[in-house]
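Alright, structures below, take your time with them.
Next, two complexes with chain A in common: one pairs it with chain B, the other with chain C.
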Partner chain A sequence: MRIADCEIKNNIIDFRDVTFVFEGKTPLFSDLTLSIEKGAFYLVQGPSGAGKTTFLRLITRLEEPVSGEIRFQDKPFDSYSPPVLRRSLLYIQQTPTVMDGSVAENLLMPFSFKNNSHLTQPGHEKLGALLREVHLEDVGLDDHAMNLSVGQIQRLCLVRGLLLSPEMLLLDEPTSALDRESAQAVMALIERLNVESGLTILIVTHKTYGQDRIKPRYLVIEEGRIEESS
Partner chain B sequence: MKFDRYILLLILLILWQVLCGLEVIPTHLLPSPFKILLGLKDLVIIGMPPGHLLPNHVLYSLYRVGLGFFAAVLLGIPAGLLLGWSPGLRRITNPLVELVRPIPPLAWIPIAILWFGIGMKSAAFIIFLGAFFPILLNTVSGVLAINPIYFEVAQTLNAKKKDIFFKVLIPGSIPSIFVGMRIGVGIGWMTLVAAEFTGVRTGYGLGYMIMTARDIQRPDEILAGMLVIGLIGYLINGGLKACERRFVKWRA
Partner chain C sequence: MTHSVIEIGPYQLLLALVFILAAGGASLYHGLRLEKDLLVGTIRTFAQLFLLGYVLKFVFRLDSVWLVLAVFLFMIVFAVRIIRSRIKEKQVSFFWPMLISMTISYALVAFLITGVVIGADPWWKPQYFIPLAGMLIGNSMNAVAISLDRLLGELKKRRQEVEMMLCLGADYREASKDMVKNAMRAGMIPSINSMMAVGVVFIPGMMTGQILAGADPLIAIRYQILVMVMLVGSTAILSFLGVRIVCRRCFGPAQQLLLRPEKNSRNR
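This part shows the complex of A and B:
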């Protein structure tokens, strides 16, 4: 893990002496200092309850540290409103969640939010192409999203997030409900986005990484510390 | 079978008719179903009091209930959404709501007459009070029942508070809002007779009609009026259920 250094302009996220504690509990992270390099591909690993999900939630301001500072592109988090920050940092939860409506309605729902009005709403052709890329060729845009399997919903949520063109993708167990073939398709898409578009990737996963197109960097969370290992 | 659910009702009606025919049931206290139907016919053709026909009573009552109910909807739903949305607001208003809620709408009749006089306004006010709290409280509980993950997903997809309010919170609470509306309109109908007790200057209203029938000792027309109230309540409930099915598909 690289030690934070505000002079390094290639970092997308910097943690500086960040302490986080859930109310009434012992601190989950104490004086955490680290940097996430722009365009890198990270796998976040560690035992259950170590704070992997909380780490992603801190980056997307769904949780706030009790002390220390988190910076995005060398500016303190406080200088961005959370919705503006989340235009760049897209977090996809472990629990895939869709609204009660068609697949197309779910994919396009974020475009109805005022904060996404700068984005061009994709046409059905693009939606179909993205669905095919994550092995959802059997899923029609008019299908009811709540009738899909958990694995299909998980991929649908990934596509919904990617349509917002984030700079950094934070994925919490994105292949947990997928069969091997679908998991490979999802990882191949994420890799391609990392290599071709320079998207910074941070994936919480328990699975071993079987792809060899890119060499991921590992962040291991244990006992309140985050270490980079190869 | 589509009509099998009415079999029990039919059996009870036949039994009732037979028991009245055998004079087991004193018909001056509880007329037979057939006699009630004849009373209904009288209400339609002759009216109670004479000349004040049933359809007009129905229209006036619908108007009063509609007025009270829509006022309850207009105030209860936005207030419920705001109270569900804001824990601080909920905490501040909770003692007031819990203090006023248990007061029966009928207990408000004297003060309603004092405030609004005898007539449409006081009747609608009583119905409003009956409908308001079920709508308010069901809307609040509908908001609180929304899985927090929906709010968080909307947040991560860059939704601002306004988007979350209109696109997650409102659609997510619609099922409970409809339950509140159905309970509210039911209580509205229930308080109708009492509301029209406050006096109706027009001489129309189902409650007024029933009270007039009581004054001249026509239990058949009293029960026919009650039957009409029940039937209209049943139809309104069915209508709201049909609306609910259309809207609920958009729930979060």
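This part shows the complex of A and C:
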């Protein structure tokens, strides 16, 4: 096996000559080629409107490139059913969204989907433990999710995603609505998952990264290009 | 019980224009600026209905299955065009799938009513098939337009929610289930409401027409019941089919929602 092959095998996502354009606009990305390494911790940065959110949406097939190919674990995207792919590459939107119902109902909602039916539904004990880990100890499982604050909903959405045991976590400004303490708790959880479980992390953030437990890799998006910088 | 129809002459028709003049006067008095629309509407009513009268006379006289089916198809094409024009959301095209599904479902319901229930011989007998198909298309067209407008509006408004579910492993059906349900309900409610109110709040046009033309009211009500039931059935079939077909077209091959939010309202 050649070294190049080993490198390919170690990537979770590969962009090959990907061009993306919003209809009637100039291309946002042209012939983009890059790799996301499995188990790495990335921070995606760049000016507003540069395409950071679109980059995450391309990885989860919420947007489709006009040309080029994106691969997951060295297989073309088309070889996975979109729901299965999205559950593996879990994207949590910038605007956290919950349904009308209790906290428990919201957390367990993904388990009602056909493609998730093989997953074991967690018990209330596990749900409570995860909520505590993101400083949601005051939130009861029977509380109405829509009555929570934006910051609480943001953390609830993170917990809901983690329950699906994804292989990669794509977060769009996950701490934007959080106070310093809660933001630190969320980042600590994400770091722990990266270090202990090898979960690949990709975070879009404007904030500077102040933790020293992990040395993140930076992807800087500017003028249609994405470059890795240290 | 039959009696001869009192014929309405050209002078009597002109006399009826007094009502339009009254409406025009009210518009002028209150500054509604509806005079032009009233004039165009009146001219179109006269022209279109006279034209329809002559076309029906011609079709009835020729008694040809192909001509009947051509008229039927013509009505459906226009119905789909009207539905398309009524829907504000233009990002998803659905002309052909709607045309095909409407043709199949209308043909099925119209055939069942004329050929099986009424027992017209032949089943396409123009006197029965064309007016019944016309009522069917006209009424369910409104229901389909309401359903589709609701579906597209909700999918666009609740895009965040749909995408959240997609991201959590839902397929497009699961992610849009709530919107599909609401759209179908919105389309079905007017025809159910009219079943509640018929005979109490209003006397339907078809029944009125038959009674005016000398039919026994007890025969007229049977036709009316048939029409009401047929309308509810076709509305249900078409709302169901139309909403499902259009919903699928709102999602791309990767089951991604294609409806975009309004310009400049989304992060890049």
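Worth a mention:
To be clear about the criterion, the second predicted complex is superposed on the first by the 223 of 230 C-alpha atoms of A that agree within 3 Å, B and C clash if a C-alpha of one lies under 4 Å from a C-alpha of the other, contacts with A are read in each partner's own complex, and residues count from 1 in each chain.
Operating definition for what follows: contacts are C-beta pairs under 8 Å (C-beta built on N, C-alpha and C of every residue); 3 or more make two chains touch, one makes a residue touch a chain.
Not measured: the values here are computed from a predicted model.
Applying the stated clash criterion after superposition on chain A shows that chain B and chain C collide. Looking at the shared chain after the overlay, A:I13 reaches neither chain B nor chain C. Judged by the touch definition given at the top, the superposed model places A:V44 against neither chain B nor chain C. Legend: residue contacts after superposition of the two complexes on their common chain; A:E64 is shown touching chain C, with no touch to chain B. Applying the stated contact rule after C-alpha superposition, one finds that A:L171 touches neither chain B nor chain C. In the superposed model, A:T53 lies in contact with chain C only, and not with chain B.
Using the contact criterion defined above for the overlaid structures, shared-chain residue A:F77 touches chain C, although it does not reach chain B.
Once the two complexes are laid over each other on the shared chain, residue contacts for A:Q94 go to chain C alone; chain B is not touched. A count of residues in chain A touched by chain B and by chain C gives the higher number to C.
Contacts of chain A with chain B, set against its contacts with chain C after fitting on chain A, overlap at residues 60, 62, 82-83, 86-87, 90-93, 95, 97, 99, 109-110, 113-116, 160-161, 164. Of all residues in chain A, only 28, 48-54, 60-64, 77, 82-84, 86-87, 90-95, 97, 99, 109-110, 113-116, 157, 160-161, 164, 172 touch chain C in the complex they form. If you check the complex, the residues on chain B that touch chain A are 147, 149-150, 152-160, 162-163, 167, 171, 249-252.
Residues 160-161, 163-171, 174, 252-257, 266-268 of chain C are the ones touching chain A in the complex. Across the complex, chain B is touched by residues 60, 62, 82-83, 86-87, 90-93, 95, 97, 99-101, 109-110, 112-116, 160-161, 164 of chain A.
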